[in-house]
C-alpha cells in the first residue's frame, strides 16, 4: 500500500466518527481529507481556528484572499456561519464547544499523549493551535499512518518526540487499525482493510487489549 | 474628532531599530501589505516581532523575516516559512513558540491593561520554557505574561478617519487585539471613510486605540493557491 | 444547524435551587426581562448571582433580588437597589464587591476557558478580600479567579435560531461574556431570525455558545427617568 | 453658600480642565454637571464605561431604553461614536486611552489617595468602575465640596474611609480651592470665588504648599 492509499483509508474511516449536529475542527494533513468521505446527509459545522464557524468547501472560482482556512487555503462560508477573532475562536476550543477535533499526529502513546508539533533537528513547524485543540476538544481523534516509512512504530509506550499535550487523545485511527484510549490503556477496536491482529501487534510498540468483538 | 490619516513616509519615520513590533494576520491573511513593505524599505533592524506565524517567504511578515533583520519572533508556528527555520537554526533569529490561542490572549492581556493570566495549556511541555508556575488552591498553572508593542501593524477592511475599524472575514484574526496592544497603532485600511459612515454597532475596534491610518493598495503577493507548484505540503502553514 | 428556540416553560424547568446564575446588564439595561420574570415565578431559591450590579428594586435583576431568594451576589455596586443593601446588612444576602472592569474580565476568563488573571487593581483595598497575591519578577499582583455559571441569562437584539447574536447599543455591556461563561446559556432576543439573516461580520457572539433562545416581549419595567420623583440621587446607579 | 451653588461652582471650574481633543469620563454626581459649563468650541469625546465612546446629550424626546449612560439615564450618540462591550470599555480605561477622568470624591488624602465608594454603616453604593478609572486615567480630577455639611474636612492627611485607589488623584477641585497633587504633597493652585487662604487653611486637614502665584 502506498502512502496516498493509506491516507485515503484513514480519512475514510475517520469520516465515520463525524455525526450530524457536531462541531468539528480538522487539522491539516490527513484530517483535511475527511470531508471528502462524509455522507451527504451528514450536517456538521466545521470550525477553523483562524475565525470561522460554518466553513464551506473550496470556491470553484474567485478565491477571496481574505477568506481562508487555518492552512491558508481559500474556503467559503455556509449559510448561518460567521466570522470572529482568534480569541473567540480559541474560547470555543478551550471551552469544549468543539465536539470533535481530528488532528494529524507524529506519535501517540498508550495513555493518549500526543506529539505532533516538532521533529527536533528536522522539522520545526511550530505548535499552532494543536495544544488548545488537544486540551479543549470533547473528543480528540488522532490520525496517522501506523508506522514511519522505515517501519518504526508511532503508537508508543511513551512518546519520544516533544509532547503537544498529555492524555488527550480518545481514539487513534491508522490505515491498519482503530484504537480507543481508555483509563487502562489502549484497546484495539477494529482491524482495517484485512489487516491481521498479528500484523498490528508487530508494528505497535504500546501494549493494547482487545475489544470483545475481536476476541 | 482627530483625523489620523497619514502617509507611508510618516509611518516609516516612526519605526526604529530594536523596536517590538506586533502584527496582525494568520498565514499572511490580514497582515497589512503596505506596512510590511514600508518596514522592508525602512532599513530598520533588530526588530522583535510578535505575531501568529512567520507567514510565507513571499507573503505577510514572511517577506521581512527572510531579510534577516528580525532579532526575535514570538509566534505559534513558522512551518510555512522555511527561511525562518533556517535563520533560527543558524542562531540568527530567536524564536519563542507559543500556543496560538495563548499567544492571542497574551497580546489581548497587554492590550486591555491586565498583567497576564494563568492556564494549564502547555504545562509540562517544551513550550513551558521558564514561565513561572503559580499554585492556586491545589492546582498549578503556567503564568502567561502580557505582551505590548512599541508599534502595532493592523489591517482593516474599513476605517473612519478617527480609527474606528471593521474587518473582513478571516482577515480579522488577531488584528483587534494587536490594535489594542500597540503603544503606537498603525492601521492599513482598504477603505477610509468619514466619521459616521460606519454603523456604530458594527465597529469592532473603537478608534481610541488607533494612532495612525494609511490607505491600502490591497495585498501585493501571490497566495499559495495561485502558485501551486511552488510548495510542498510540508511548507504550507501548519498548526 | 440546530434550532435552539424554546419556551419560557422549558427555561423554568432548567432552573434549580442553589444554582449559580450569571446575568447580563448594566443598571438593568441589557438584562433580559422575560427571563427575570421566569426566575421570579419559578420559586427557585438560594441562587448565587453574578452580574454588574443589583439593578433597581423594580428593574433588571433587582426585581428578583428584593424577594430575598438570592443567597449571594458578586457585583460592582448595589447602590441603585437599597433593598439589596438592607438584605446585605441583615445578613440575608452575601455580597462580594468586585471592580466593574475586573468583574467582566473574570466572567470572560471563565467564558474563554482560562484560569484567571493578575492585576494591580484593588490591591491593598477592602476589595482585595482574601484573593491570593502572586509575585512575578519584583511585582506583586492580585489573582482574580475565573467565573462560570450553571445558567447564564443573556439579552440580545437579534438571534438566529442557531444562537448567533447581535446586541443593541449599551444593552450589549457584559452580555457577550456572560453568554460564553454559562454551562447552559439562555438568550432572550427581541427578534429571532433564520440562519443566514444576520451579516456574518456583525455577529458578536457565535451561536456555538448558546443553548436556548426565547422570544422577548420587550422590557417590562419603568426606567428611572420615567418616574423622576421616586428616587433620590443616591438611589440611582452609581459607579 | 448652599450645596447646590457649591456644586455649580465646582463643575464650572472643572470644565476648564477639559480641552478639545480629549477623551473624558465623567463620574456621577457633580462630574455629571461639567458638560453644562463647556464652551461650545470645546470638542471632546465622552466615554461611558457601560459601552459608549462619543456620548451625546440627553434626548429631548423618545428616550431609548437600550441607550443610557453609566448612571442609567438616557443619552444619545454623536456622529462617529460607537458602542462596545464592558471589557473593551475598561480596556480603554486601564490602558490610559481616557485622557481625563473626573470623579466625585468622599475624601482625598495628601498623597492623592481617593476614597469614594463606601461610608461603612451608612451608604453601600459599591465601587463600580471607580478603581479602574483611578488606576488608568492619565489625569484624574476629584471633585467634592470642601467639607462635610458639619464642617469636618474631606481633604485629609490620611483617608479615614475605605480607599478606592492609592496615589491616583492629580487635582482636587472644591468650591473653595484647586489643589495639585505633587510628589511633595498638595499644592494650592487657586482660591475660588473670593475664598481667603485663611479660610482654606482652617477647613483642610492635609498640609499644603502654595503655588508661586499665590505667594
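Going by the order they are written in, the chains are A, B, C and D; count residues from 1 in each one.
Everything below uses one rule, namely that a contact is a pair of C-beta atoms (placed from the backbone, for glycine too) under 8 Å apart; a residue touches a chain by one contact, two chains touch by 3 or more.
Since this is a predicted model, take the numbers as computed values, not measurements.
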Partner chains that subunit A and subunit D have in common: B, C
Most distant chain from subunit C by Cα centroid: A
Whole-Å gap separating subunit A and subunit B, where each centre is the average of the chain's CA atoms: 28
Whole-Å separation of chain centres (CA-atom averages), subunit B against subunit D: 37
Centroid spacing, where centroids are CA-atom means, of subunit B and subunit C in whole angstrom: 33
Residues of subunit D engaged with two or more neighbouring chains: 77, 83-84, 87, 90-91, 93-94
For subunit C, residues that touch 2 or more chains besides their own: 105, 112, 114, 120, 167-169, 200-201
Graph class of chain-chain contacts, one of line, ring, star, complete, other: other
Touching pairs - complete list by chain label: A-B, A-C, B-C, B-D, C-D
Contact set on subunit B toward subunit D in their complex: 1-2, 111-114, 160, 162, 164, 180, 195-196, 198, 200-201, 203, 206-209
In the complex with subunit B, residue positions of subunit C that touch it: 105, 109, 112, 114-120, 132, 134, 136, 139, 141, 143, 145, 166-169, 199-202
In the complex, subunit D residues that touch subunit B: 21, 23, 43, 45, 47, 53-54, 77, 79-84, 87-88, 90-97, 136
Interfacial residue positions of subunit A with respect to subunit B in the complex: 27-29, 48-52, 63-68, 70-74, 77, 83-87, 89-91, 93-94, 118, 123-133, 135, 162-166
For the subunit C and subunit D complex, residues of the former touching the latter: 26-30, 52-53, 56, 75-80, 85, 88-89, 95, 97, 99-102, 104-105, 108, 120-122, 124-127, 157, 167-177, 204, 219, 223-225, 233-234, 236-239
